[in-house]
Each structure stands twice: as structure tokens, then as C-alpha cells.
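Across the two complexes that follow, chain A remains constant while its partner is chain B and subsequently chain C.
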Partner chain A sequence: MSLEKFIEDFEEAVEDVEPGSLTATTKYLDLEAWDSLAVLTVIAMVDVEYDVRLKAETLKASDTLEALYAQISG
Partner chain B sequence: MGFHFCVILCIVSLMAKSSFNHVQIGGVVTCVPTLEKCIDDELELFGGNEKQIARLKKTIGLDRRRVVEPGTTAADLCETAARRLLAQTGLAPDAIDAVICVTQTPDYAQPCNAAVLHGRLDLPKSCAALDVNLGCSGYVYGLWLAHMMVSAGGCERVLLLAGDTISRIVNPKDRGVAPLFGDGGSATLVQRSERDCSAWFSLETDGKGFDKLIVPAGGQRSPSSAETLAEVADEGGNIRCQENLFMDGAEIFNFSIVEEPIAVRDLVEYAGLDLDAVDHFVFHQANRYILSNITKRLKIDSAKVPMQTVERYGNQSSASIPSAMCGELQEVLCGSDSKRLLLSGFGVGLSWASVILDIGELPVCEIVEHSGCN
Partner chain C sequence: MTVSANLKNRQILVVGATGGLGSAIARQLKEEGASVVVSGRNTEKLAAMAEELGGDSVAIDLADAEGRVQLVDAIGALDGVVYAAGVAPVAPVRYLKDADLEACLNLNTAVPLLLVRDLLKKKKLNAGASIVWLSSVASRRGTAGYAAYAASKAALEASGRCLALELASKGMRVNCIAPGMIETDMTEAAAKRISDEALAEHLKAYPLGVGQSSDVAAATSFLLSEASRWVTGITLPVDGGFSIN
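Coming up: the complex of A and B.
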């Protein structure tokens, strides 16, 4: 479990995001591809890969991928 | 004191699980409207974003749905299904001892749909009639009530009608719900049987989540007014009024994939079985994404899980489980071998309910189309 792996998983979960295009400081809420469908696919990815039930509120409240990862791993 | 408290706790924790024998399903018919809509034709709703439609089709599995024309109600669909069921089982109306109607889109605030349909179907005065105000979990709740009514000895045959016209309460400009929901009405015969046929039920609720899937206004808490009818755009640009259905998609998704696998495992354990003993798992047809996530979490063979119904007809609320039985398991359920099914519904309430039952040799298990004239 690492931030790098999480960013890769995130890129895979959200379609229309180029692999390798996101970084720890990416503000994912500002991504063009971020929509209600991405919310579902990220929740499902986090559930399967990290065994964490991520709330939609947490996704809305976090800012960067680093901050989101901290919520999941913490 | 401590002992009594413990006893009360034990009783409470066991109450929503129950088992029955010598009660069986004697036939199922589901009625769908003829009007078909397809997400491909709704480019305008998605602001011309073809890519988003393609993603929704691929990821969530949204495709086609059947919806009623204005003027047709869930009661009409249920009536058509019931008439076909009675005709195919050769039962006269006076053979029915009780009618249960599960719906959240009744014809009237009062009286209940069951009473209205009791009259339309010429059921006898000796027949009990009641509605159940539940959605996607409602079919299993209805089966549970019917099993209790037969087991209690007062009824030989119960007619369970379950259906909704959710397409009439979603705002067509709300992308979050409009492409999801279809309409349907079903009729199921539940009857006493001399044969050994077990059924195990579990029924659960989380009322704290009542506002995650809700029509906020139009009832007594917030009566209909100009304000409740005013259309407002949310942060995602979806438009609805307070008398339209609202769904917090992410929360409902989370609820489904967390609670459903737990409920299924608990029920299988309660029945003293294992997952392999179940021939088919018929989940509420919410959407393919939720169904495949639940299937994965349970590690069950996806070939045992009907998933096509929602792509053909849309999410049909309380009619979705009978619709999947009729549309995808007709051959199996009308065959000579009895099959063990697990049916499980989840949704508005929040409410979820599951049953494991043996079913087979049905004289009728089919989907019919609503002709538009009852």
C-alpha cells in the first residue's frame, strides 16, 4: 500500500484520465473527468483494493490525492 | 433485571428472521409497458455529451427502459399481470383470500391500491386487502407477509401485487435518476402446499438513511405548494422539484454493496446452508454495476445471477425481482425440478430484505406487455 499505487488505482478508476498524468498534489475535484460516475467508481475501487468504505462526503471534503490517500490509509 | 434485558434484546435481534414450510409460490407474471426509451436517444439530457452516455452504458450498464404513457398507473400494470396469472393458473377470483399491493406510486392517497384492485379483479368480500409502502425491498416484504398469512391459517391463497411507475415521479431533466428507472407491475400467487418447501426470510431497515432516497414533498410533512413544485438545479446541474424523486447515488451505492453481501451471508447461515446450495440469486435489478459489485463481494458465480433485466426494462422498483424471475429464469422455474432461489431487494427506507425459497414447476412465469386498455 503506497501513495504511488493509490494514484495508479485512482487513474484506472476514473476513465478519461491518462495513466501517469496525476500526482500527489492533483486536486481531483477540479478534473474535467470528475463527475458523479467517477464518485461511484472511486468508491468501488477503494472498497475492493483497500477494503475501506469511503463516504461520498469524504471524497467531496478531501482536496488532493495525497489528502484522500491519508483518509484511506489512516 | 439484567436477565429480562438480555431476553428482550435476544427477541429483538431474532424478530426479523423467520422460516416457513408448506407455503409455495404458485405462479408469477410481470407486466411491462410497451413504450421503450433508450439512453442513446437522450443526448440532450446529457448536454450533447456522447462520451458520458458511453461511460454510463459501459460502467453502470444503463441502456433501455420501459415507461408508461401518462394515464397508465402501477395499478393498471398489476391488474394486467393479475388477470394473466389467474387465467394461467385456472383460479377463479373467489379462490383468493387476501391481496397485498406493494407500491409507492398508488392511484390515490386513499384508498389503497389493494382495495381498488380488489374491486377491479372481482375478488370476494371475504378477501383481505392491504398496501405496503415499500420500494425495491418490497417484493420480499410482500412475500414474507403472504407466507405469514398462509402459515397463520387464515388464507389458502394470497395474491401479491408489486409494482411502481417511478418514471412518473422522476424529473426528466435529472440525469441522476431519469435514465435509471423503468415501470412494471407484477402478480405472484402464494399458496399453501402439502409438499415440503422451506423458506427463510430476513428483513432489515436503516431509517437513519430515510433521506438518501426520497420524494421530499407532497405528503403531510411538506404538503404540495407552488414552492414544492418549483424546479431547481442542483450543483451538478440536475433539475428537479421537491415532489420529484431524489437519490443520493453514492450513498445508495455504498449502502447496497455494504449491506447486501452481509445480509445474504447472514441469511444463508440462518438457513443452515452455504452459498453453493443456492441455484440462482435474484437481486433487485438496480443496475448492472451494483449487481456485479455484490456478486464479486459474495464470490458467487455470475452465471447464477440474473443481470439482464435492468438493461431491458430499467430499475422497476418492487417489480424488478419478479421481472428478473419471469424474464431470465422462466424456463428454469417452469421446469420439472425444484430450484432453490435467493431473492433479495434493497432500497428506499433504507430497507432490505432477502428470502431463500424452493420454487419450481410453475404453471406460469412470464412477462406480458400492457396493452393500454384494461
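Coming up: the complex of A and C.
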């Protein structure tokens, strides 16, 4: 489990995001591809890959991928 | 609203009676004169509900075959059965877990059918009994993230139609209710995986606005009563117009 791996997983989960295009400081809420399906998908991905039950409000409250990863790994 | 005694002296089992819909249904049936037996997994909530309704309760896990045997053995002959238990895993198929899919198809589709089988085998359904299964508007409409749930409800409705034919000669009826989003669902959904924005967008599709659990309870009561004696094998949408929109 690492931030780099999490970013890869995030890129794979969210449709229309180029692999390698996101970084730790990416503000994912601002991504063009960020919509209600992306919310569902990232929550489901985190459940499957990290065994963590994220809430929609947690996703909304975090800012960068690094901050989101801290919530998941913390 | 005036409550009539449509269900006076009817023995009715409500499965999943501790959930938002199940508890509203159990209360409505009691108000209409039924003797209600409540069943579910949450022992404490169930005991409180049984005390409130002045009826019996059977706390069991229905997903387990032994649990079903215990339930069927514990109850007397019934005039009605309401199945309001269920789970709704929300995940795009790419991230759907085997266990979630299996649990959903089991609890939402297989168990209600197996419960009726067990009740029939033990002759616990009186002639003229009415069976009501809670389905969902999801059974007929695609929603991303709901493949498992939608499949389980569509299959439930399909099996209900077959069962309705099998039981018609005994005067027994089988019907489903397909509720749209009601207030208790919203609270639950918001706490889980649905963003406030997605919820707000979804609610725009309800011409009559958001529903209450009492709306579903009233429809359930109708399908359990003699007023619907010529109605079987249907799925009744109770959805504020969602399905015609």
C-alpha cells in the first residue's frame, strides 16, 4: 500500500483519466471526469482494493489525492 | 387519514420488520386490525417492535436455512406474508464483490421464495393467503452501480408471477410492490455512497416528490386485504410517478 499505487488505482477507477496524468497534489474534485458515477466507482474501488468503507461526504471533504489517501491509510 | 379495519383478525408475518419500510408496514397492519408477527435479525429492535405491536417476534437470520426452519416452526397459520428484508450493494460491475452479489441475490430473491416454499410445506398458509414482496423501481430501469440489486428485484418479480399461477387454485395471491425512493432510503443512501448532488438529481424524476414509508405501507395493506382479491401476479409501482416519467 503506497500513495503511488493509490494514484494508479484512482486513475484506473475514474473513466477518461489518462494513466500517469494525476499526481499527489491533483485536486480530484476539479477533474472534468469527476461525476456521480466517479464517486460511486472510487468508493467501490477503495472498498475492494483497500477494504475501507469510504463515505461520499469523506470524498467531498478531502481535497487532493494525497489527502484522500491519508484518510484511507490512516 | 382514516384507518379502517380491513385486516381484522388476519395473521400476518412481516419479515424485515426492523427496517424503515418493514416497521412502517407492521404498524399500518396492526392499525388495520391484523395480528402481526415480526421477524428480522436485530433482536433488540425486534423485541421493541413486538412489544409496541402486542404481537410475537422471531429473531432469526433468514439467509440461513436453519433460521427459516425455526421461523416456520415458531409461527401459526398465516393469512398474509410481507417480505421487506433486503440488501442493496452499490458498486459498478468492475468493482462488484462476489460476496456482495451472492448475498444480494440470496436475501432479495432466493430467500423470499424459499420462505414461501417452507411455509407451504408446513401448511402454514391459509386458503386465500396473500403474499407481498417488496421490489423496487430499480427492477425496470437501469441505474449505474445497481446491477446486482436491479437483477435481484427483477428476478423476484418474475418468480412472483410464476408463484402466483401456482397458488391461484388455492385462492392465494402473490404480488410485488415497487417503491421509488422514500425518505428513509434517502437518509441511508446519503450515509453511504450517494452524493447529495446525485440524490438531488435523482429526486427531480419524481413528479409527486419524495415518498413516505406510509405510502408503501398503505399499498401493502391493500394487497393483503380482500379489497384486492382479484389482483395477483402484479408489481404495483408506488413511486410518485417515477416510472412513467
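The criterion applied here is as follows: the second predicted complex is superposed on the first by the 74 of 74 C-alpha atoms of A that agree within 3 Å, B and C clash if a C-alpha of one lies under 4 Å from a C-alpha of the other, contacts with A are read in each partner's own complex, and residues count from 1 in each chain.
In this text, contacts are C-beta pairs under 8 Å (C-beta built on N, C-alpha and C of every residue); 3 or more make two chains touch, one makes a residue touch a chain.
Remember, predicted model here, so these are calculated numbers, not experimental data.
*Asks:* Following the overlay on chain A, give me a clash-or-fit verdict for chain B and chain C.
*Replies:* In the arrangement built by aligning on chain A, the partners chain C and chain B clash.
*Asks:* Can A:65 be said to touch chain B (first), chain C (second), both, or neither?
*Replies:* neither
*Asks:* Is A:56 in contact with chain B, with chain C, with both, or with neither (first, second, both, neither)?
*Replies:* both
*Asks:* Would you sort A:16 into first (chain B), second (chain C), both or neither based on which partner it touches?
*Replies:* A:16: touches chain B, not chain C.
*Asks:* With both complexes overlaid on chain A, does A:45 touch chain B (first), chain C (second), both or neither?
*Replies:* The second partner, chain C, only.
*Asks:* So which chain B segment collides with chain C once the two are superposed: 44-52, 224-232, 242-250 or 332-340?
*Replies:* Clashes with chain C appear only in stretch 242-250.
*Asks:* Once the two structures are superposed, pull the chain A residues common to the chain B and chain C interfaces.
*Replies:* Common interface on chain A, chain B vs chain C: 36-37, 39-41, 43-44, 47-48, 55-56, 59.
*Asks:* Under the touch definition given earlier, write down the residues of chain A that touch chain C in their complex.
*Replies:* 13, 36-37, 39-41, 43-45, 47-48, 55-56, 59-60
*Asks:* State the interface residues of chain A toward chain B in the complex, per the touch definition above.
*Replies:* So the residues of chain A in touch with chain B come to 15-16, 35-37, 39-41, 43-44, 47-48, 53-56, 59.
*Asks:* Would you pull the chain C residues touching chain A in the complex into a rising list?
*Replies:* By the definition above, chain C touches chain A via 90-92, 94-97, 144-145, 190-198, 201.
*Asks:* Within the complex, which stretch of chain B touches chain A?
*Replies:* Interface residues on chain B, with respect to chain A: 51-52, 55-56, 59-60, 176, 236, 248-251, 253-254, 257-258, 289, 293, 296.
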